[in-house]
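These are the structures, in C-alpha cells.
Shared chain: chain A. Partners: chain B in the first complex, chain C in the second.
Up next, the complex of A and B:
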C-alpha cells in the first residue's frame, strides 16, 4: 500500500538507482528495492540484509498507529503529531554543524562515539580499554567485524513473540528495516569500565532520522553509558503540531549474567523535533540495570524505557525526570516485564509542567506466572506549576503470580504552601524558595544516580526550565484550607 | 403473609440471618423453576422490529418508542469495546431481550404465583420483610416487577418507589425530564442496548428534605435460560434528601452464557445524599456489563458500595460526576474472582467543579485461575480548582494461577488539584497464617479469617444482612482454598 503512495513520486523512481532517490524517500514510501540496493552497495552481510527485508515485510503489513485503535497511542495522536512524509536523512548529506561538547568530554579520556545526522563521525576508545576488548564503533562496521555478537543481539529486543504485551508497531519495524548507521558498545565479560562511555546523537538537518544503538555487556561486566540527544531548534510551520524533524530511534541494551549497566539517556533535542524512542534493556541472571532518563527536549517526545527481566535475581531501577514547558508533549511509557523469578524492579518517575504543556506517564509492570518472588514498586509524582498544563498518570500493574510483593503510587499536585511558608518565614525570597522546592522535588530521583556530571547536568536543565518559568504564575496549594475559601490569599499573592 | 410476629431477640435474628445466608449459598449449586408460565417473550435475537414490539407490548408513549429505536441504531453503530474483558463468548442472536412472566403486578406477597413465591422463599425475601430490616421490596422476577410494597409512611412523605415501567406510566413528566440525562443512549454500546430494550428496574424520587431512614431494597433475578436482563434504574434525590438503595442480584446456574446489562442513573441534587449498594452474585455464566453513573450537585454526596462476587465477566465502573462546588463522591468496591471469572471493576470520578472531593477504595481477591482488574479514572477538568481525589486499591492473590491487574487512569487539567493513588498486591501473609495456625485454627478457616479481615473496611459499610451474605459468600468461595 505504501509503495505506490502518490505523495512520494521519487520512491523507486524508474531508470535510476533507488539509492539516488534515497534522500527523498520517506518513512511512508520505503521500498524493498531501496533497502536491497543500499544493503548491497554497502556490502552488508547476508544475515543483516535478510533481517532488513524481514522487517520490511512487517512494515508493509502494518499501518501507522492510531489513537483509537492502539491503546498505547491513545494519548499521542500519531497522525496529528508525527509526519511520516519527511525525507530520510542519509549519510553523505552535507554536514554543516559540529556536534556540541558531549557530557563525557569533561571526563578524563572517555570512550565515546558521535552519530551526526546518521553518520558516525568520531569514535574514541582509550588504549587501556581497547586492550581489555572494550568496543565502541559504528554499528555497520560491527555487523562485519563482530558479526556473531551483533547478529545475536541486534533486534533481539524489538521482536517479541512471547506474548508479553510488547507494543510492536510500525515505528519500530521501520527502524529495524531502514536504520542507516548507529553505535555499537561492547564491554566483554568481567571487564569493569569506570569512566562513562558516551554515545552522542546529534541532529542538524530537517527530515527523518533513524538512529540505532546497541549496548552489550558480557558476564559480570560493569559500565556506565550515556546516550545524549541534541539538536538546534527548528522552526515549526504555522498551524500544525507536526515538526520538520522526526527522530525514530531504537536503543537496545543487553546486560549479561551478573553484569551491571547504568544507562543515562538525555532526551534533550531542540524545539521542532519529534522524538520517538524505544530504550529497552534485557537483564539476565543476577544482572543490575539502572536507567535514568532526563526528558526536557523535543516538541513531542514519546519515550518507551522498557526492561525485560529474563534472568532469575535480576534487578532494575528505571528512573526519570521530566519537565515540560509551553507547547511540549511528553508521553513516557516505562514497561517492566518480570519474566524470571526473584527479580526486583523499582520505577520512579518525577515530572513538572508549566505553560500549555502535556505529560503522560503510562507505566506498566507485568509479572508473569513464572516470576515468583518478584518485588516491584512503581511511583510517579507530578508537579503542575502553572495553569494550562495537563498531566495524565496511569501506573498499571498486571500480575499473574501470587507469590510477590507489588505496589505502586501516583500523585499529582502543586507546590505545597506550607513548604513555601516555611522557607519564606526564614527570610528566603519567594523566587528562591520556589526554586529550592522544585530542586528538592527532583533530587529524590537524581540522588539515586551518582554517575559523574549527570546530576549537575540534569539540575542545570531543571534550573533552565525554572528560569523561563513565570514565577508569578506558579500556584501553590494549601491542603489545610481545602474546603474553605477557594480564593485563599496564598494562591493569589506574588 | 402475616406480619404479626413477636419481636425477635437479637440471637434469633442472627440465627435467621445465618440460615438466610446458608440458603443464599445453596441456590448457587443450581436450581431453576420450570420454563412454563411466561406470558410474553420477544423471541431470541434483536432487530428494529423487536425493539418496536417491546415498546408496543408495554403500551409506551411514542417518545419512548423513538428513544428506544434511536438507541438501537446507536447500539448497532458502536463497536464492541476492544479493552477490558474477552466478550467474544456472548452470542447476541441467542438472547431473549424481553420476557414477561405475568400480566399483573402483585400487590402483596400472597398474590404471587406459587413457583415464584417458592423462588423468593429460597432467596429469603419474606424473612427479610418480616424482620422489617428493609423497607420497600421491589422484587423483580424476570423482566417485570411483580411484587412491590412500599411502607405506608414512605408514601405519606411523598416518596415514589416504583418499578421503572409503572413510573413511566404514572409519572411521565418527571420520568421524561430525567431519563437518559445522566447516561445518554449513545454513551457506550451496552448503555445503548439497555436503552433500546430496557425493562424493569427501580424508579425512586425522594422529595426535598425527606430522609429515608431505612434502606430501600430490590432483588433481581434471571430465571430463564439465555434471557438477558436489561433493567433500568433512575434515582432522583431532591435537595437535602437522603436515601440508601440496595440492589442484590442472584441467578441460578445455567449451561449457556447469558447477558445482564443494566443502566443505573442517579441525580443527587443540592445537599442531598444517596448511597447505592450492590452485591452481585450472578451465576458464573453471566456476562455482567453495567453502566452506573451519578451526578452530584452543590454539596451533594454520592456513595457507591459495590460488591462483585459472581458472574463470568463483570465490567462495571460506577461513576460520579461532581458537577457543582462542594460535591463529594465515594466508591467502596470489593471484587472476588475464582476459577474462570474475570472481575473488571473499578470506579470513575470526574471533577467538573471547584472544591470537589472523591475517594475510591477498592479491595479485590483472586483465587484459582480467577482474574480481578481494577480499572478506574480520576479526571480533574479545567477550572475544578482545589479538587482532591484519593484512590487506594489493594489486591489479594490466593493461588499461583491467580491474576490481578491495576489500571488507574488519572487525567489532571487543573494546576490546583491534589490526586493520589496507591495500590498494593500481595498474597496471604505467611506471618498471619502462622499466627492463626499456631493457635489451632484450621488452614481453611484461617484463610477465610484473613480474607474477611481484608474486606472488612467494606463489609462494615453494608446493611447487616448484606454483610452477613457477603461474608457467607466469601466463605463458600473459600472452601478448599490453599494457604
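Up next, the complex of A and C:
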C-alpha cells in the first residue's frame, strides 16, 4: 500500500491556467493511471475502481462543452468561464482551516457531515437515528461498509438512467471518474427523520473540487437534507471571467416508493468561485420530492436541478430563489422527466437581478409517451431592479403524450409602480417600500417550504442583498395611470 | 386659508391635459362631494392630490396647511396627513396586511407602536368594518372581493388618522350592505379634525354620508357648486342639464 500523497502526473496535457504548476493534475489532464493509483491507494473496492475507469473512458471520448454546439450551454460560454487547468485539490494538502457553522447546526441534534476541500472532516449521527439505521458517512467508506447499496445507486442517475440514457456532459463524467470523497446519506424504509440532515460542502483552497453526494431513501422513509455550500471570497484576476476556484459537483438522490425527501441546497460560495452542480433525483412510485435552491453565491453558478419521475403517482416541486448581483452569472436549468404515468411536477423559480448581472432560466420538461395523466407546470418570475441586468427565461417542453395537463408561465420585469405607489401613499418611504416589495416577491416561494431555519436564512440572504443594493438606482415600471372604470355605465340618473 | 387649497390646477397624463384649471377648498370638519360624468377628471384630481407620479402638474398649486405640496413625494404627503382611498386598490403580493399597516403607522411615529396595542386597534377596526380576522394572514388585498378592498381602504384610514381624506369612488362596485358598512366607517371618523372629499359618480353614497358642499366637474373643471340640494337635483335630472349649461 503506497502512501496517500498525490500521484505523480504523467507527461501530457498541461493546463492553461496561470496557477498550474508543480505537476498537479487538472480537469483537463486527468489520466487513467492517476485514477488507478489513487483508487488502489485508498483501498477502494474493485467495482468502484472499474466504475471510475469506465467514466474515464467517457471523459476521454468527450470534449468540453461549446456554446455553439451544445444547446444546454448556449448561455454559459464554457471556455470563457471555466478554467479546466486548475489543479485538483487533493487530500494531503495543508488543511488547517475549519468550516464555519452550518445552518443545520442551529437545529436540535442533527445528523451531519462536513466535506472540507474534498475530505470528510466531521460526521455526527445521534444515537437515536443510528439505532434506526440512519447512515451519514464518507462515501468512500460507505462503498466498503454498504457496498450493495452504494453500488446499486451511485452513478445510477448519471451513467444509466431509466429511459433517459447517460449524461453526455464531460463535466459529469469527470466527477464520476474523479470525485475525491463525498457523503452518503441513507434513511431506511419507513424511518422518518424529523430534524434535517446536514451535508456541508466547504471550500477553502483555490483549484478544482469534485464533491459527490448520494442520498438514498427507502420505501416510505421521510427526511429533509440540507446541502450547504460555503467558502471565503477568492480574488478573480483582472480581465478574465474565469475564477481561481472550480467546484464541479454531483448530488444524486433516490427516493423510494412512497417516500418523501425535501432537499434544500444553499448555493452560497464566495466570490471567485465557479460552481457547476448537477442535483438529480429519482422519484419512485407515489414518492414526493421537493427541492429548494437558494442561489446567491459564486461568481458563476450553473445549476441543474433534475428529476426523473419513474414511478406512477410521483410528485416533485422544484423550487428556487436567486438574487444576482454585480458580476454574477446564474444559469438555472431544471429538468423534469415524466417517465411514468400520473406524476405531478410544479417548478417555481423567482429571482431578482441588480447591477451588471446575468441570469438564465431554462425550464426543461420531457413527457414520455407512457406518461398518461401527467400534470406539469413551470413558472419563472424575475425582477430586474437596475439597468444593466439581463434575465433570460425560456420553457422547453417536449411532449409525447396527449393526455396531460401542461402549463408554463414566465414574467420578467421591473417592480410594478402601482405596488410602489400604494405603499408610498400610506406613508411608507420609497426605500422601505422597495424592500417590502422585494421581500414579498420572494416570500411566496419560501412559504412553499417548511424546512426549519431555511426561510429565515434565505430571507436574511435576500435582505443582505437588498441592503447593499443601490436603492436609488432601482427602476420601476412606468407608473400606470388609474383612469376611470371603462365598464361603468354612462349614467343619466344618479 | 383652507386646510387643503387647490388653485387653478392643470394636470396632464401621458401628455394629455385632463384637468384644465380646478379650484377647490377643503377644511377639516367639512365633507365635500365631487361629482361628474366619466372622463370629467375626478380621479385625476384625487391622484394629483396624493402625488401619483404619472399625473403631472403643469400649472396651479395644491396647498396643504399653508404649504405648497406640488413637489412633495406621496409618502411625505401621507405622513403629513393626506389619505387617498383608492377606487381600484392593487394587490401587493407577499406583503402581509399586518406588516404593511404596522410599517405605515410606524413611519409616522417617533417610536414604534407596540405590537399589542397595534393588534388590539387593528382587531377593533376589523370588527367595526366587518372584515374577518382570517384576513390577518393575507397579503395586502390578496383575493379580496371588491367590497372587502373598499372596506380595507376605510380601515387603513381609521388606523392612519389623516386630516384630509380623499375617497375615490369608494362606492363603486358595492352592494347596499357593503355601502352602509363603509359609510358608517367614514361617519365614525368624521369630526372637526377630518376633512373628507368624496368623489363619486352616483348620488347613492351621499344618502349615507351627507356632504356639506357638492361640486360638479366636467371636462376637467368645476362647473357648478352648491349645497346638498345640488345632489338631489343631479339625482332627478342627471348630468345633461348641467352639461348643457356649462358647455353653452
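Side notes on the structure shown:
Throughout what follows, the second predicted complex is superposed on the first by the 447 of 494 C-alpha atoms of A that agree within 3 Å, B and C clash if a C-alpha of one lies under 4 Å from a C-alpha of the other, contacts with A are read in each partner's own complex, and residues count from 1 in each chain.
The rule is simple: a contact is a pair of C-beta atoms (placed from the backbone, for glycine too) under 8 Å apart; a residue touches a chain by one contact, two chains touch by 3 or more.
Given the structure is predicted, the values throughout are model-derived calculations rather than measurements.
When the shared chain is aligned, no partner comes close enough to touch A:62: not chain B, not chain C.
When the shared chain is aligned, chain C comes close enough to touch A:441, but chain B does not. Of the two partner chains, chain B is the only one that A:389 touches; chain C does not reach it. When the shared chain is aligned, no partner comes close enough to touch A:159: not chain B, not chain C.
Legend: residue contacts after superposition of the two complexes on their common chain; A:432 is shown touching chain C, with no touch to chain B. By the touch criterion defined above, A:424 lies against chain C but remains apart from chain B after alignment on the C-alpha atoms of chain A. When both complexes are aligned on chain A by C-alpha atoms, chain A residues 479, 482-483, 491 touch chain B in the first and chain C in the second.
If you check the complex, the residues on chain B that touch chain A are 82-83, 325-326, 354-355, 357, 385-386, 388, 395, 397-427.
If you check the complex, the residues on chain C that touch chain A are 13-14, 37-39, 42-43, 47, 50-55, 73-75, 77-79, 84, 86-90, 92-96, 99-100, 103-104, 107-108, 139-140, 156, 160, 169, 172, 201-204, 231, 234-236, 238-240. Looking at the complex, you find that chain A touches chain B at residues 69, 71, 369, 372, 382, 384-414, 475, 477, 479, 482-483, 486, 491. Residues 416-419, 421-430, 432-433, 436-437, 439-444, 478-485, 488, 490-494 of chain A are the ones that touch chain C when the two sit in their complex.
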